[in-house]
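Starting off with a structure, shown below.
Letters A, B, C and D name the chains as they come in the text, with residue numbers starting at 1 for each one.
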Amino acid sequence: MKTDIEKANQFYRDMLLIRRFEEKCVEMYSREKIRGFLHLYIGEEAVGVGVMHALSPEDAVLATYREHGQALARGIDPKRIMAEMYGKMEGCSRGRGGSMHLFDGLARFYGGSAIVAGALPLAVGMALADKMMKRNRITVCFFGDGAVAEGEFHESMNLAALWHLPILFVCENNRYAMGTALEFSHSETNLAKKAASYCIEAYQVDGMDVEAVAKAANTAVHEIRAGNGPVFIECLTYRFRAHSMFDAELYRSKSEVEEWKKRDPLLLLYQKYPNIDIDKYENEIALIINEAITFAENGTLEPVEELEKFVYTQEAIL
Amino acid sequence: MSTFVMPSLGADMESAVLMEWKVKEGDRVAKGDVIAEVETSKGVIEIEVFEEGIVEKLLVEEETECDVGSTLAIIRTEGEVTPAETPAKSLPEPVIEVDHVDPSIDKAPEPYAGERIKASPAARRKAKEMGIDLFSLAAAGEALHLSQVESSAPTEKNETSGMRQAIARAMSRSNAEIPHYYLGTSINMTPALHWLEEENKKRSIQERILPAALLIRAVVLSLKSVPELNGFWENDTSHLKAEINPGIAIALRHEGLITPALLNAETMNLDQTMRSLDDLITRTREGKLRNTEITQQTITITNLGDLGVQSVYGVIYPPQVALVGLGRIIDAPWAEGDALCVRKVMQATLAGDHRATDGRTGAKFLDKLNDLLQHPEELL
Amino acid sequence: MSTVITYREAVRQALREAMEKDERVFLMGEDVGRYGGSFAVSMGMLEQFGSERIIDTPLCESAFTGAGIGAALNGMRPIVEIMTVNFSLLALDQIMNNAATLLHMSGGQFNVPLVIRMATGGGKQLAAQHSHSLEGWFAHIPGLKVLTPAIVQDAYDMVLLALADPDPVLIFENSLLYNTKGELDTALTPLSIGKAQIHRSGKDISILTYGISVFKALEAAETLAREGIDAEVIDLRSLRPLDDEAIMTTVRKTHRVMIVDEGWKSGSISAEIMARINEQAFFELDAPMGRVCSAEVPFPYAKHLEDAALPRAETIAAMARKLMEEL
Amino acid sequence: MTQDQIKAAIIEQILKIAPDIDEADIIPDKNIQRSLEIDSFDFLKILTALHEVLGIEVPESDYAAVDTLEHMSAYFAQRII
């Protein structure tokens, strides 16, 4: 068993990797190396890192379009993620998915989904299969407060509860569905309360405190592996940057952002464990990030002749 | 020294108005510092700098619109170059054809089977309205278009320009694709013509045989012993044909040449050759040719002898592999033994497709032709 | 050896055999278990396989279709029954953005070996919301295969072909066909997905169709035969992929072609087939192509109106006569 | 038959065999085959037709004597008694 300090160092390093990776994405986006939509995880690192530490390699993960944090925390190679955003063939989705659709078979990372709540029914099916085949592994599904207002949230929660499926629903409540604040989306803004109507066990946790998130996730995963799934965790968190790269953030005040920045998950962790060797991790991570950029720069473009490859499987088998 | 440019915040952003500088010249900036506020279509957005350094020069006044990528300021960096970027290599913009062409279109139009003339529905209906038989217009392999039918209406000036166009296309394709070789020889025609005159004395004028028929008969028999010249060249292989359908060059007054096929000439004797040749020429002039006569030639014979041309070097009609040219029969000096005399002499030439046959085959053919014409009785 | 059974029994037999042979196969949908299936296709299967593998779902088309996709992603071979194509609109996002897309978008990493069966078609006075024929829509989507079994043999074969396919396959069963009887020979090797079948050969005009319209076309062909018009009736069997070769072969044979498609004309599968003939066999046409589709109206309840809206043997024969008169 | 009647008969046959030729194009002292672009087949047809109309068969050896309209009509005139 790792001591708290060892875990804290690991948490810090993982969160810092996400933070610096995302900052590099901003730079590369404004240099037009990355195109399309780019949704940054800066501020929410504690949720992705905290939950991933509770999982085992066999478990399956489904995320949303704001997925870089989950993908990095799940162990997908930063080089392959950056190459994906450069649209290169060496990317984890051959350059076909981009920032919003990272896939990795080995990490059992079943992608970001750009349809809000689109992945919830998939998670239900993944867990149903595991239960039917009596496999002892769980499925984790990340989604935001916006998804909670979708019909598929209701349908999926009901099915998961009805069939007692091994699913961990993780709601990253960052208070805004793009430009619509929580109170303009939900009659009941305490989202964890909604789980009760499906008799699903729910925890509400400080999404800026990585240790709190990890603790809740461990408890939930333990319950699920014991057959008492599904479990719902609402992480109260906040994104420090705009919804995406082209957003003037008219819907929130600068002071509110500054207020939340005071509880930066990296800062909170460092205040609790001041002897974390920050510089060591900064240098280590700077190297990783530069390697990722070089890998992406040198990546190749998928030949246009392969455009139709993998529309159907026989191409895939070749 | 590095330049600070207006960043692109989205594919649909072309420019923005620099509203307010957040730094002054001489200020030190750190990575991620906000350097200015810009007004975009979505509202005011803070833009940040990505290197440490000192603001050397602010190049743009506030409230001015700047395109994405235009230089806004100069920043003096302490010798720090962004290591990761390999400046030399700029990725070529990949050309991706957005409107993917359906592969099925590229497939050559269906190779039409046997009896059917390829003609657009519009051409087909127009031909019916004008009572024109499509067969008279078609040229091997080319689809007939409305314009060709319309222009073939029996108005005076360009009666068969449709046909001319089709032949022109075939000729240019031939020149482009077929590596021709040419061979020629002079043939003493006196024995053959003398023999023919004797034969014609035994026949009424209705059954009279013309030299053209004799020559065609000789070519057909020569092809029996040199079959490689009789057939098609398609998808890189030669297809020899059992039947010999020589395309005969027939002049349509004022409109040039058409080469309908004398079908199955190998089954005819000399008299039958003359009769079917006469019938073919008559039907050609009346525009009543059958489709197979338009499309199934296995070789072509041009005998422009009538019009006073001594030797003819023709262009092969694809997909055939050979063309025989027979020149005008003229009185010319001819050595026999050591004596010099005057004989009726004809130039015979052969154009061959070097992919299908070589000069040796061509020479064997001309030699056989000459030999047969020296023993005309074999041509009966 | 072959037996004569109903289309419904043929589907059920295929489902049963598949589930007996492969534990990964299971059936999920509304009322497929205790109710025995809204069209009684899965009658008796709950008793044989239990509620673990014959799963009655709540009314949540998007979730249970998405769950089918998720289970397929995770090693199962699910058969999702969406009661009718009319309700499939609620699951369209899952079908298009997940099922059809995941393999390509993931760079070939994740297959979706899922079968979705739906009843389709009008003609039962169920009015506008319950009478759609949208199989042509789904044939627009790369990544999906779309099958339309007309004869009993195909009703059986296509379930097994679909289950053997590593990609998502949609099977549209016209609900008026469930009671029809026909021959089934389980020993026959099935005609593969994407291959059309000639039910009646003829030399004057080709009638391309699928699903229930196959029988209307055959009826029209008999009438036409009495008038000296020899019609060739071709059952497309699959709308994606379309059997271009079979289509162009029959056009080259008869030079006159018409399509019978129960969908609405605009942007339909009939329009797609005409476009392909135009691209690949233009010079073979002796007459303009014709088609008989449903009237472009929300389907009316009153029988006389609904009959007028649907393709019928009389309207098919009339179109054929019109094309024969063309020059 | 007078020479003029013979000439008319010859012209008539030429126009029948080659309908697109104009009578004005037929110049009496010009070589028929070359000036009117008539090939050996059509020329033989003309002679064959004239044999039916005028009863005279022109052997191949006499072709040179019937090369123009003038010569041809004179040739026939001498032989038609």
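Everything below uses one rule, namely that a contact is a pair of C-beta atoms (placed from the backbone, for glycine too) under 8 Å apart; a residue touches a chain by one contact, two chains touch by 3 or more.
Remember, predicted model here, so these are calculated numbers, not experimental data.
Located most centrally within the structure is C, per distance between chain CA means and the overall CA mean. Computed centre separation for the pair chain A/chain D is 102 angstrom, with centres defined by C-alpha atoms. Remark: chain B and chain C have CA centroids separated by 45 Å (rounded to whole angstrom).
Centre-to-centre spacing of chain A and chain C amounts to 40 Å, using the average Cα coordinate of each chain. Within chain A, not a single residue touches two or more of the remaining chains. Screening every pair of chains for touch gives A-B, A-C, B-C, B-D.
On the chain B side of its complex with chain D, the touching residues are 197, 200-201, 204-206, 208, 210-212, 251, 253-254, 277-278, 281, 306-308. The touching residues of chain A, when paired with chain B in their complex, are 23, 26-27, 29-32, 35-36, 242, 244-250, 289-290, 293-294, 297-298, 301, 304, 307. Every residue of chain C that touches chain A in the complex is listed here, in rising order: 24, 26, 52-53, 55, 57-58, 60, 62-76, 78, 93-94, 97-98, 102-111, 142-143, 145, 165-167. Chain A makes touch with chain C in their complex at residues 60, 91-97, 101, 103-105, 110-111, 113-115, 118, 120-130, 132-133, 139, 151-152, 154-156, 158-159, 162-163, 308-313, 315-316. By the touch rule above, chain C contacts chain B in their complex via residues 244, 248, 252, 276, 279-288, 327.
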